[in-house]
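Below is one structure, written out as C-alpha cells; comments come after it.
Note that the chains take the letters A, B, C, D, E and F in the order they are written out, and that residue 1 is the start of every chain.
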Amino acid sequence: MSTVKLWTDADVEQNPRVKAVFDDIRTTRKSDFVNNMWRALANQPDLLEATWNRLKQVMVAPSALDPLTKELIYLAVSTVNSCSYCLHSHTAAARAKGMTDEQHQDFLSVLTMAMQTNALATAMQVPVDPEFQA
Amino acid sequence: MSTVKLWTDADVEQNPRVKAVFDDIRTTRKSDFVNNMWRALANQPDLLEATWNRLKQVMVAPSALDPLTKELIYLAVSTVNSCSYCLHSHTAAARAKGMTDEQHQDFLSVLTMAMQTNALATAMQVPVDPEFQA
Amino acid sequence: MSTVKLWTDADVEQNPRVKAVFDDIRTTRKSDFVNNMWRALANQPDLLEATWNRLKQVMVAPSALDPLTKELIYLAVSTVNSCSYCLHSHTAAARAKGMTDEQHQDFLSVLTMAMQTNALATAMQVPVDPEFQA
Amino acid sequence: MSTVKLWTDADVEQNPRVKAVFDDIRTTRKSDFVNNMWRALANQPDLLEATWNRLKQVMVAPSALDPLTKELIYLAVSTVNSCSYCLHSHTAAARAKGMTDEQHQDFLSVLTMAMQTNALATAMQVPVDPEFQA
Amino acid sequence: MSTVKLWTDADVEQNPRVKAVFDDIRTTRKSDFVNNMWRALANQPDLLEATWNRLKQVMVAPSALDPLTKELIYLAVSTVNSCSYCLHSHTAAARAKGMTDEQHQDFLSVLTMAMQTNALATAMQVPVDPEFQA
Amino acid sequence: MSTVKLWTDADVEQNPRVKAVFDDIRTTRKSDFVNNMWRALANQPDLLEATWNRLKQVMVAPSALDPLTKELIYLAVSTVNSCSYCLHSHTAAARAKGMTDEQHQDFLSVLTMAMQTNALATAMQVPVDPEFQA
C-alpha cells in the first residue's frame, strides 16, 4: 500500500496541470493505461511535470543508446536499489522492447558478475591501477 | 591501500595455480598487463580461479548482448554499489570497446533517471500495477 | 510475514523486562498502540531495551533539530536503504508532526536531486575540491 | 582521479553552451568558484544543463523547506549512497547555511538511529501495521 | 509475484539440463523440497547450473568457516541489500543449522552496530589510520 | 580528509567527558592507540559516549557469538555499505582475533555468493516460499 493517495482518472480531471501530464503520457505512449507511479506523483504536480518531462527526454526520445540497452541499465540500477516497483515495470518494458530470454539470461549473468567483483574490490580495497587513470 | 597483499609477477611465479590463471588472463586479453584485482585475488587461489573462469565466460565469450552493453550494465551496478575500483577499470573497458562521448552521456542520463524514479517509487511505496504482473 | 514471532500483549505480560519497555513506550507516546517493530524486538530483550532507550533519546527528547526535520532525515535514510516498514511508519510520523503536502513534495524533490548527483559524482569519480577540505 | 576530463576555465570558454551554465552558476552563487562536479559534467552539455537547472530549482529557489533542512536530507542520502564527493561538498554547504555543531551531532544521531532500525526491520521482515496504512 | 515464470516439477521434467540440477539439489539436500529461487532460475539453464554449482561449493562443502557462521555472513549481506526472499530463506537455514535465540540477538546487535559506525565513518569521511594500512 | 576536526590527545585533555571515553578505550583495549573514528566522534560528546558504550557491550563483552564471527558479520555489512574506513579497521581486527587466510577466502566466497543470489532474487522478484514462512 502506498504512503500517498493514488489518483483515479476522476481525480485527475479536477486538476488541469495533472491532467495535461496524463494526457501527454497517453499520447506519447499511444495507450490509455497510466501506471501507478504517475498516479502517486500526481500529489506533487511540480515533481510530476519535472519527472515526466525528463523521462520522456531520456527514455523515449531517440538517442545514442538503443531503447533496450537503456532498459537494461535501468533494471541494473533498480536491482541494486532493490526497487520492487521499478523491477516489475521495467522488466515489462524491456520485454515490450524486444528483450529475448537469452538476453535476459545474459543481463542476469552480467549483473551477478558485477555484484561479486564489486564486493571483492571493496572488501579488499584494491587500489586503482595507474593504467586506468591515464 | 589494499587490505591484502598485491602479488608481484615474482610472487606469481612461485605458485603454479596462480600462475596458470595469470597466464590465461594474459593470453585471453592479448596483453601483458594484469590489473590489481587479480593481484589481490591471488591470495585466494580457489576464489581467483572461480572468479576468472566465470568472468571469462560472462564478459569475454560472445553472447546475446554485445560487449559494450555488458560493460554499461557493469558500470550501472558499480555506481550504485559505489565501487571506485570497478568504475575506473570498467569505464576504461567501455571506452576500449568503443563507447562514444554521446553514449557515455546517455548512460549517465539513464543512470540518474533510474536513481530518481527508484527513490520516488520506494519513498511513496507505489504498489505494482496488476498489468505488470501478467 | 516476519522471520521472528510478533509478541502479543498476552506474551508481553509474561516477561517483566519486555513489559517494562512496552509500558514506557505507551507512557512516552501517550497511546496504547505499540507497533510491530517492538513486538518483533521483544524476542531480544537486551536489544529491545537498547533500541528503545536510544530512540527515545534521539527522536523524542528535545534537541537542536526540530521533530519534523528529524523525521525527514529518517525518511531519506529509509528510502535509500529500501526499508518498506520504516517508510510506512515514519511517513505517518512525519504527518503526525505536521508535514504538509508542500513539504512532502519538497522532501521528494531534494531526495531525487541527491540520488542523481550522488550517482553522477560516483560514476565520474569526481575528485573533492581542495576548497571543501579546508 | 576522475574517469572523465575536468574542464578548465579555458576549456569552458570554447563552448558557448557550457559557458552559459558556468556563468549562471557564478551569478546564482555570487562566487567565482565553480566546483569539480560541474567541470566533470561539462563533458555532457545536455546533462550539465538539465542537472544545473533542476538543482537551482530544488536547492536554491525558496520552497516549503528551509535551506538547511534540504542540506541535511542531501547529506543523509549521500551517506547511505557512500558518495565521498557529495559528503564533502554538502557538509561545507550545510555549514555555510548555518549548521551548528549541536545540529551536526543531532543529524549524525538521527542518521545512525535510522540505519540501525532500518536494518532491524529488514532483517526481521517486520510486517507493516494496518494502522500505518490508513 | 515474480517477473519470470516459476517452473513446476512438470515443466522441469521436460528439460534434461534443468532436471539434472533439480535432481542434484534434492540429493544434496536430502529433501524433495526445491524452493522458488531455483524454479525462477530454471528459465536460464546456464545461470542455474553456474549458481547451483558455486553455491554447493561455497555453502554446502566443508570449509574453513562453520556452516552457521556462513549463514550469518549471508544474512548480513542480505539485510544491507534489502533482499526479502534471501532473509526468509537464510533465516530458516540458520535456524536449521542450530542458530539459538541468543545467537540471533547477537547477530542483530552486531549488524546494527556495524550499520551505525559505517554511517558515522562515511558521513564524517574519517581517514584510515596508518596503523591499519601496515 | 575528514569533514570534521580530528582531536589530538592535547585537545582531548581539555574536555573531561571526551577524556573519560578515551581513557576507557585505552583501558579496555589495553593499548595506547586510539584510532581516528573516536578522534572524529570527539566533536559530538553525547554520540561519542553512546557509540563507545554500545560498541563495548556488543563487540567486546563475551556473548553468544565468538569474537571472530562478530568481526566477519561486521566486515560483511561494511562491504555492502562500501565503508572504506570500516573495512581497513575491521579487517585488521579480524586478523588480530585470529582470522586465517583460509577463513578470509571463505568469508570472501560467502560474501560474493550472497551478493549474486541477492541480485537474482531481487531482479526476478522471487516470491517467498510458504515453507519459509512457517
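Note that in this section contacts are C-beta pairs under 8 Å (C-beta built on N, C-alpha and C of every residue); 3 or more make two chains touch, one makes a residue touch a chain.
On a predicted model such as this, the values are computed, not experimentally measured, just so you know.
S.K.: Considering only chains that satisfy the touch condition with chain C, which of them also satisfy it with chain D?
M.R.: Under the touch definition, chain C and chain D have A, B, E, F as mutual neighbours.
S.K.: For the two copies chain B and chain D, what rotation in degrees overlays their C-alpha atoms? Round to the nearest 5.
M.R.: Nearest-5 rotation angle for the superposition: 120 degrees.
S.K.: Name whichever of B-D, C-D or D-E reuses the A-E interface, so over half of the contact pairs are the same residue numbers.
M.R.: B-D
S.K.: Could you grab the centroid distance between chain B and chain F? Build each centroid from C-alpha atoms only and quote it in angstrom.
M.R.: The computed centroid separation for chain B versus chain F comes out at 27 Å.
S.K.: What is the distance in Å between the mean C-alpha positions of chain E and chain F?
M.R.: Their C-alpha centroids are separated by 22 Å.
S.K.: What are the residues of chain C that contact at least two other chains?
M.R.: Each of 1, 3-4, 47, 50-51, 54, 79-84, 87-88, 91-92, 105, 108-109, 111-113, 115-116, 118-120, 122-125, 128, 133 in chain C touches at least two other chains.
S.K.: Assign the assembly's chain-to-chain touch graph to one of these shapes: line, ring, star, complete, other.
M.R.: complete
S.K.: If we count contacts the way the header does, which residues on chain A are in touch with chain D in the complex?
M.R.: On the chain A side, the touching residues are 1, 50, 54, 57, 128, 133.
S.K.: Using the touch rule from the top, collect the residues of chain E that touch chain F in their complex.
M.R.: Touch list, chain E to chain F: 1-4, 6, 33, 35-37, 40-41, 47, 51, 54-55, 58-59, 63-65, 69-70, 72-74, 76-81, 83-86, 88-89, 91-92, 100, 102-103, 105-107, 109-111, 113-129, 131-133.
S.K.: Hey, which residues of chain C end up touching chain B in the complex?
M.R.: Touching chain B from chain C are residues 75, 79-80, 82, 84, 87-88, 108, 111-113, 115-116, 118-120, 122-125.
S.K.: Which stretch or stretches of chain C touch chain E in the complex?
M.R.: Residues of chain C touching chain E: 1, 3-4, 43-44, 46-47, 50-51, 81-83.
S.K.: Per the contact definition, I'd like the list of chain E residues that touch chain C in the complex.
M.R.: 80, 82, 87-88, 91-92, 101, 104-105, 108-109, 112
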